[in-house]
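Both of the next two complexes hold chain A, though its partner changes from chain B to chain C.
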Partner chain A sequence: MKQVLIWTVIFFSVLMPGATINAQQEKQARDKFTLLTMPYNQRPLTLYKGQFQANAAYRFGVRTKSYDEHGDKISLKEDGAASVVHTYLLEVKYGITDFIEIGADSYFLRNGIRSETSSTISGSGTITANTLNEYRGFGDISLGAALRVPIEYKSWDISLKGGIILPAAEHEPSQPTHIITDYKSPNNYTVNYQFNNNNGSGVSQYFFSGAAKISLSKISIEARGAYRFPSKEGESKRWGWTLYGSTFTYYSNPYSYLPDRLLTINGSIHYQAAGWFDIFITNYYYKTSSGWTEYYDNKYANPESTLFTIEPGFELQISPSITIYQYAGFQIAGTNADAPFYLLTTLSFNMFPFFK
Partner chain B sequence: MIMKRIVNILLIFLVALTGYSQTEKQLVPSDLKQLTVVTEPSTLYKGFFRAGTALSYSVVDKYFTNEKNKEYFLQSAWATNSGFNFIFQYGITDRLQVDAAFPLAINIRQSESRIFVPSADTTVNYSFTLQSKGLGDCYFTLKYQILNEKSNNTSLTGSLEVTVPTGEKNPTDVKGETDYNPPLGNGCFATNLGLKYRKIQFPYSYAGYLYYTYQFPGSKIMDPSDTQETEFKDGNHLDAGLSFSIHLNEWIALTNDANLYFRSKDEIDGKIPDDAIAPWALSYEPRLVFQVKRFRISEAVRIPIYGKGIGADPIYVLIAQYVF
Partner chain C sequence: MFFTFSCEKIPDNLKDSSATDKWTLFNTATGLPGNQVRGTFCDSKDNMWFAVSGQGVAKFANGSWTYYRTSNSAILSNNVTCIGEDADGNILLGTTNGVSILSSSNTWSSFRDQTKTLYFTCFETDKDGLIWAGTYGQGFLIFDGAEIGQVFYEAFKDVNDIESDSKGNVWVATENGLLKWDGSRFSVMGIAEGLPDDVVTALYSDSRNRLWIGTYFGKTVSWIDSQGIHQLALFNDRIVEINDICEDAAGNIWFATYTSGLIKFDNVVPYAYKKYNGFPEDDVLTSTGDKDGNVWFGLYSKGLSRYSLPIN
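Here is the complex of A and B:
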């Protein structure tokens, strides 16, 4: 009994100073300025409590190559199908607590894809056909919530995120606007086929993701994986047309489809060169699968596509409220995928609207 | 006696105050060379030399029709225009500056099409690439501060610019209608007169400008199949704009430029062609300018908003400059 008492006293004697030291590590006061200017290597994966973030981004993409099913590179310039992709992205996020974040994002995309011009020469004239597939419009709205481990960020962090993509954007293609130009005779004219596509997916989709981050002094490593899948099959329509003289008459046929499942994995290495300047390089991989499209009452599997991209970039804190992110995307390998080089610039606005 | 002492004490205080007022920070030349795009004067200080290069890149994808609609080029062609413009500036006096610019351009145009002849059951792929690279038309500019910025942070600067047709004006290495090197120069002299008003109200600066360019007549080969040069006179053009700049922090500035461009109709062989139009465009150009001591990096995108008979594609520009 005496020994038990002695050991108990020794145990508490050792423990108490530690407890006292821990008690004296009072949590630092939440200073709005400090939180807004927290460098990448010192901040957690989610926003701080009460922090509001709005990100506006523009992505300029030059679509000059793609990969075929064997992973061989195809020059779209030589196929007459190169194009420019303009994407405008908007994202808002809010930190409900230091460990829970909610957010929403969407985008507007414009891309006009030309096909190779073809001319048919007969004894009585030449019919030239130009084809343009335009994708223009808003994308669906993504709503999500993220949780992170409930500890103060020191050197590592883990988060989970889940959400739904609401089919808010128009997904059925609008009526084509084909026109005849340079009409000289029934056998001598130019026909410009223009297909007007929208960017919605037409069905709700769910997603979940996980992320981890480790910071060792000025170096940080972040890894993230995400999976997206559709809730059900969708319905859309295909446009057909007939041409009488120089007048087009349009009709549509419905078809069903199932959007692809999407797996994305990315990892990045960051170097915090200064408190306001972080440079990074990200590798980004995606794979699509399990989608299908109906043609003439038969379901055909969509070809699986993969793409591996390297994205060097930087994060630059301009003021406590404003940060700029910029990175370029270089495609390294892929299958059945377009591979546009892109440059993405994001202006990030941060504030604590309810925090004095 | 007491009065005399009081006066002496006051004089000592006044001397001290004068001493304080003289501790105001004096800008030394190294500081002046680090002024930002917002705070720098309209022309370089005497003896300062600035060298820089501007990398530009644009693709040919869309255009404004004569009906002012933005439409895609429909034929399956792909074209990019890129280049480096090397710019050197020197302050002769605090109010007078000279510039010299030497553009190197790389322009590529690829066209792909397919021709089907049913009677012969034959399909022919018809493709060609036109590429030109080299020196474009150089230009030299004289700028003078008519109203000097030093007095009240307001300046009115006049400029006179001369464009010299140093770029090749005719197609070269012509082997066929689709196998040649397109010209890089315009083939004529041009002169530009302009006025720029600028007001600095730290951390902001405002500017408004008006430039008029007169194009002198010239002659060149219009089509690679031509054997003789054709006389021409490009339309004169007008550039007017408003600019607003703001310091985002001590060394990063954001400038915003709204520009209106108008060009009168071109003439060929002394006549205005029937299908000639007077193109114009309204553009917006945001620019981020990073000032790291004497080194300056700018990123800008010129975005055509509205126009008629003119290209509608954004132009990306990256500028690097250093003051010696």
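Here is the complex of A and C:
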């Protein structure tokens, strides 16, 4: 972890000020209006030198289905476990040169998964159980740097990116907040289980990716592959509880785990309908592997999950500094994966802060 | 620069998560020598032992079975009634001919009382290494490694179970109440002290310092903790006869019952596993949880059932 922090400090303290000075000296002669209004099919894969970009996004997801280990679809609506996922994303990027870009991003996620209500006949009464799995909180912070081929973009581009995801967010689940309601007798009440989960991964992770783009007149094709892997295994805890009368007491047990490795591949076709309007369709595939979780003193391999999604969308330039992106995600196939339909809307703010 | 950091190596011995949350039945069709399993025991090396009525004892270790009978070992009888372990890791097998002892080096020895026939029902090794052996009709024996002493009270001559708790107390379940040995004297608990019945059939000291008490004619099961005695109502407001109690690696408490099937208590709600919802039969004789997240149930006529706990 120390090594990671040292490299991060060096990264920002040495490269960033130098880049800022260079940007001011060399970019002033360029037309920032032209650069800010550059259509997608004429843009390189990284930002221009001196360009700052802030992206704020909201992803509205609806979990109505998932895929089992055989790839068969499971209706979460029929199981009474459908839910809505709200994700708020923030990303900042900066072009150090025309060929080097740095950036950071994180998110906040809120999702409450209710399970089907169950009833148990006990003694002379009925115990009804409701379960809510709450996920709420910030995700980890991702820091990365991208390099692209050092040539002026005309019709093709290639870039490489690498970075680290810092375990800034809480990973261990908070204490559950189960409650008893409608208590009539020791055998007749409703128990409401509430599990309070956090969104951090608990350990630092590394990632690298590669991207390529080709533009032919109004048509562009972009392909991207990325790989993420953990630096080490993590420690977490599981909560247990006992009910005394109508009061819960809690205890926790530690366990170890290794986050999954993640491979993502996507390809997209864009059509530049107008200088300010681009429509696209992306296919997105991911696969997880190699993670494990400790249960009962044994390490169990996490089930590998895959998901294939189609994402149609558009890019709409509102002004030289503001662009809106929107796309929807439709899941086509997968295994061991949740498959939420989602709609992601991004407001992108661009500027050259050091240009006059 | 990012590739200078090391990445965690993936262990080779990962278990398959798809094998969890599954029931497995072992019986004569799968090689078990009999279909009545009256004793289950998990030793300190996490090997499972099963007393199969009239067929000796079966050991399950590292995924393979070993069977000990009079025909292939020095075991005193094929009628094994209970299983235990001493402080040195020797396995104690109570039989209708005495106690057979299988050492960790696989050598056999035995104990037989020449003056009377002893029907052993249970073994318990306390925190001091004393072996407590319960019998039907002869009270219980205490063995300190050198000498054997007999504790016999006419009222408490039939012993169903013995359990030591985390405080060092030893509890003796008898047909006429629950005896507690606190290191200096015995005291007795029964209906007057809050138990649902005087016929105490099963005891279990769980990982949360609760002593669970099963009875023969009670409508509830009881547990004792630092706050006193508590009652847990089971099903249908009727008598539930408890044969055995155990805890699994996830902290659930399991009750093996006579004619009421199997009951899991997740510390909030009891759930029943009976013939009507797929369990092999409703007479469950014995239960034991192992450290790998399995729970084993000896059945009256259908063999042995194993449940591998789910992982989430």
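By our rule, the second predicted complex is superposed on the first by the 325 of 356 C-alpha atoms of A that agree within 3 Å, B and C clash if a C-alpha of one lies under 4 Å from a C-alpha of the other, contacts with A are read in each partner's own complex, and residues count from 1 in each chain.
Throughout what follows, a contact is a pair of C-beta atoms (placed from the backbone, for glycine too) under 8 Å apart; a residue touches a chain by one contact, two chains touch by 3 or more.
What you see is a predicted model, and the numbers here were worked out from it, not measured in a lab.
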| item | value |
| --- | --- |
| Combined model on chain A where chain B meets chain C, clash or fit | fit |
| Partner chain(s) touched by A:232 [first = chain B, second = chain C, both, neither] | second |
| First (chain B), second (chain C), both or neither touched by A:120 | both |
| First, second, both or neither for A:243, with chain B first and chain C second | second |
| First (chain B), second (chain C), both or neither touched by A:164 | second |
| Winner by number of chain A residues touched, once chain B and chain C are compared | C |
| Chain B versus chain C as contact partner of A:298, first or second or both or neither | second |
| Which of chain B and chain C A:186 touches, first, second, both or neither | second |
| First (chain B), second (chain C), both or neither touched by A:290 | second |
| Distance in angstrom between the closest Cα atoms of chain C and chain B, superposition on A | 5 |
| On chain A, positions contacted by chain B and by chain C | 120-123 |
| Sites on chain A touched by chain B in the complex | 60, 62, 64, 77-84, 112, 114-123, 130, 132, 134, 192, 316, 318-319, 322, 324, 343 |
| Touching residues on chain A, where the partner in the complex is chain C | 3-4, 7, 69, 120-124, 127, 129, 162-164, 178, 186-187, 191, 206, 208, 229-233, 240-244, 251, 258, 290, 292-293, 295-303 |
| Chain C residues touching chain A - in the complex, by the definition given at the top | 1-8, 10-11, 13-18, 20, 208, 219, 227, 230-231, 233-237, 249-251, 267-271, 291-293, 309, 311 |
| Contact footprint of chain A on chain B as seen in their complex | 59, 61-62, 72-78, 110-119, 127, 248-249, 252, 288, 313-314, 316 |
